[in-house]
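Letters A, B, C and D mark the chains in the order given here, with residues in each chain numbered from 1 onward.
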Amino acid sequence: MSLLLEGTGLHFTYPHRPPVLAGADLTLGPGDRLAITGPNGAGKSTLLQILVGLLRPQAGRVVAFGIERHAEADFHEVRRRVGYVFQDPDDQLFCPTVAEDVAFGPLNLGQSRAQALETVARVLDVVGLAGFEGRVTHKLSGGEKRLVSLACVMAMDPDVLLLDEPTNALDEETTARMEAVLLSLPQAMIVVSHDPHFRRKVVTRTLRLQGGRLAAPDPTCRHARGTG
Amino acid sequence: MSLLLEGTGLHFTYPHRPPVLAGADLTLGPGDRLAITGPNGAGKSTLLQILVGLLRPQAGRVVAFGIERHAEADFHEVRRRVGYVFQDPDDQLFCPTVAEDVAFGPLNLGQSRAQALETVARVLDVVGLAGFEGRVTHKLSGGEKRLVSLACVMAMDPDVLLLDEPTNALDEETTARMEAVLLSLPQAMIVVSHDPHFRRKVVTRTLRLQGGRLAAPDPTCRHARGTG
Amino acid sequence: MSHILGRSAPTSPGDSARTDGLIQALDPRTRILAAAGFALVAVALTSLWLMLIALVMAGLAMGAARLPAGPTLRRMAMMDGFIVVLLVMLPFTVPGPAAFTVLGWPASWAGLEQAAAIALKANAVALALLSLVGSMDPTTLGHALARLRVPERLVHLLLFTVRYIAVIEAEYHRLRRAMRARGFRPRTNGHTLRSLGYLIGMLLVRALERSERILQAMKCRGFTGRLPLLDTLRFSARDGVFAAGLIPVLAGLLILDFAHVPAA
Amino acid sequence: MHIVDGALSAPVLIGGAVVATGGLALGLRSLTLEKIPAAGVLSATFFVAALVHVPIGPSSVHLIMNGLAGLVLGWAAFPALFVGLLLQAVFFGFGGVTVLGVNTVAIALPAVMVGLALRPAVSGPDARLAALAGLAAGSLAIVLTALTVALVLWLSGDAFLAAAKLVVIAHLPVAVIEGLVCAAAVTLIHRAKPELFAALAGPATLRPA
């Protein structure tokens, strides 16, 4: 089967900054669970945003589901099919209740309110937060917010998941739950993660982002291990 | 010589939340450089806030400079002698210009304008930002903001430093500068840090906050190392 | 990080010589007072010719401040876009001899003149304000207002607002980006309005929580209910020369206008 | 919704400046230095909120949110919205110098009025009542703003009467939009942090959570 996502020769520089990406390449095929590691500020979040068209690279190509994507309109379909869980749940969650936050994506996709509420109940169950519909998102614990972020994205029934440090700020119990949820999902995914324990359990392949490029991790550095 | 800071049996719970601290103990003596690690949300920032009286524990004692502290008034002296660098520099740098931010503490301590400006120049030099006096705070880069936060606290000539994730989101160069500055300081300090490389270089002792208590880190877990 | 206030003002003292114009060599207080004085005079003018001179003066100020002409004039055009409806209506609502008719509606000379007067004055004042005051850092504006005896609390409110606009704006853009990633496209419907309302409400909630942390940080540094301001403002000979040049010109405009009134 | 320099008559400009000065004085009286951080960060948020554009068909309008500012800030909405208008005039070229007083009155006075009238309802325990009060505050503030602008135009000359009517009519859809956005914002605040409606209200000092 063909590739789901493909980035080739990606270059990206924020204004008045040194380059972040300088020729990064990656591919994601069906069933892949790719981890991306790299030091803080290496450009991991930038890379994910390029893949869904929230940032446009200065050079390089993004191919999603077999079609090359350039303009904002090209990415509308990509964003429907690629679920992106942001690094900080506070950047993602903005509704008064969990139900409304989770229903936001389905409503954007054109579901009716009744359908959306059904979806909400279903995905909250998947992430182990059944019954959280009426809870106030802003008052949840950090771990609960992260699981809700994942539910928000799962509610759009994506073909691919992009997860930016999904176990950051989680205690061990919630980390274990997140691992179990991710392992139970059939979707291909790219996971940014600093945590080698997590990577060893969840992913099938690891790339390290450093100096603006992606490469197989250097096995001599203790912190880059955990490629499973 | 006697202890600088001492927390005993600290319990803390935010309203409508599970307990954050449940019997945390720590001591800081002269010359100590104590690191505190622990998962996100473990209560590290909460602990620092208790030590300077911004939060009052529901149970337990805080002894600072040999005197037990309870009421708001008890902590006024503590806050003069303990410099607290906040986790988010945008919370700490509220003045229009760098000079005003750094001078804020000294002016509150009763220094004259001329004295305060001298202090500003001196501490900016210490953190490697000489000549930054007239710069507008909100236009600084993340790393510069962090160094200015440290300068703000250094300007009060504290006996103890509390640093909440001082190298968070810093690039390697600024991290190295922060390490060099901290190593050059004579003060005792408590540093919250997730970064084992940083801890190995800077601190003399590490405690891990987990389950509401502080304990020596478990040496079987690779990530808890770096006690120098 | 974008800074929505102020164009890329020099970020280090060394830069300033390169980008600053003559206007920037003046004390900020001089610039504020000059803009206010100019505005009062321009608004008081009745002769279209003198208004045109005022507009030329504002254009000179733009040059002297070395403002980039393109973006500055685009801002002016945006402002003109707002008032164009008002201006277009005036010829038809002001009574007087008809200049021409549109679909049977007579347009009066007097109305045309009044529309032209508003357009000239509005553009002259806005351009002078952008050039004299808009070319300084918002932080400097706060300091200068404090020295001009604007109430302390108002100045601090302005400075805190300026300080946190960029922080809040970044928070806003991150949330909007996350909404876009979940397929949100604003349309004219309830879902859009509800979502934007939630977004604004959430920004306010987080703003209040941030202000609580700021107050804690202030207390940690010995806040005693006083917010000191330090500035380096100083009048120089240049300010004297500028005032000595501007005041007669403004007075001359008023005198000429007064002499001109009977003819109008 | 900004009036520019050169359109209004001198008595109207002076009247606007006098009323604005009074409103600023009253607003600043309640703002102790301890409340300035909260007022400033909230004022910055309203400044950012005014950059949000809402599509109306092929065109779009930007939000004003003065009703919500009145609910959240009370009398402090006067200085907070003045600061926003000053920054917009100086750095964006919207508005002007001599009309600053009139523009402040047109935006801030309705804010304070709906804030004083409806704050009890939005800070009460009933979520539906709060949302309704938010709807009323958001749309009423815009209607009052449009009426104020129309009034000052009309007072400046009969030739502006047609423009004054147009201002009112053009703001009716804006009032609907602002009402709905404000209702949603109030709903969120009511659930997530109802204290916000009291943060700047009384003489009580801010307590860290």
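Criterion: contacts are C-beta pairs under 8 Å (C-beta built on N, C-alpha and C of every residue); 3 or more make two chains touch, one makes a residue touch a chain.
Protein names from UniProt, one per chain: A, B = ATP-binding cassette domain-containing protein; C = Cobalt ECF transporter T component CbiQ; D = Cobalt transporter CbiM.
As the structure is a computational prediction, the values presented were derived from the model and not from experiment.
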| item | value |
| --- | --- |
| Rigid-body rotation angle, chain B and chain A, from Cα fit (steps of 5°) | 175 |
| Pair of chains ranked first by number of touching C-beta pairs | C-D |
| Centre-of-Cα separation between chain B and chain A, whole angstrom | 33 |
| Length of the line joining the C-alpha centres of chain C and chain D (Cobalt transporter CbiM), rounded to whole Å | 19 |
| Mean-CA-position distance for chain C and chain A (Å) | 42 |
| Two or more partner chains touched - positions in chain A | 94-96, 138-139 |
| Residues within chain C bordering two or more other chains | 159-160, 162-165, 167, 195, 198-199, 201-202, 205, 210, 213-214, 216, 218, 226 |
| Of all residues in chain D (Cobalt transporter CbiM), the ones touching two or more other chains | 37, 187-188, 192-193, 208-209 |
| Sites on chain A touched by chain B in the complex | 39-41, 139, 141-143, 168-172, 196, 222-223 |
| For the chain D (Cobalt transporter CbiM) and chain A complex, residues of the former touching the latter | 187-188, 190-193 |
| Touching residues on chain C, where the partner in the complex is chain D (Cobalt transporter CbiM) | 4-6, 35-36, 39-40, 42-44, 72, 75-76, 78-79, 82-83, 85-86, 89-90, 92-95, 111, 114, 117-122, 125-127, 129-130, 133-134, 138, 141, 151, 153-154, 156-165, 167-169, 172, 186-188, 190, 192-205, 207-216, 218, 225-227 |
| Chain B partner contacts - residues on chain C that touch it in the complex | 3, 9, 11-13, 137, 139, 142-143, 159-160, 162-167, 210, 213-214, 216-224, 226, 228-230, 232 |
| Chain C residues touching chain A - in the complex, by the definition given at the top | 171, 174-175, 177-185, 191, 195, 198-199, 201-202, 205-206 |
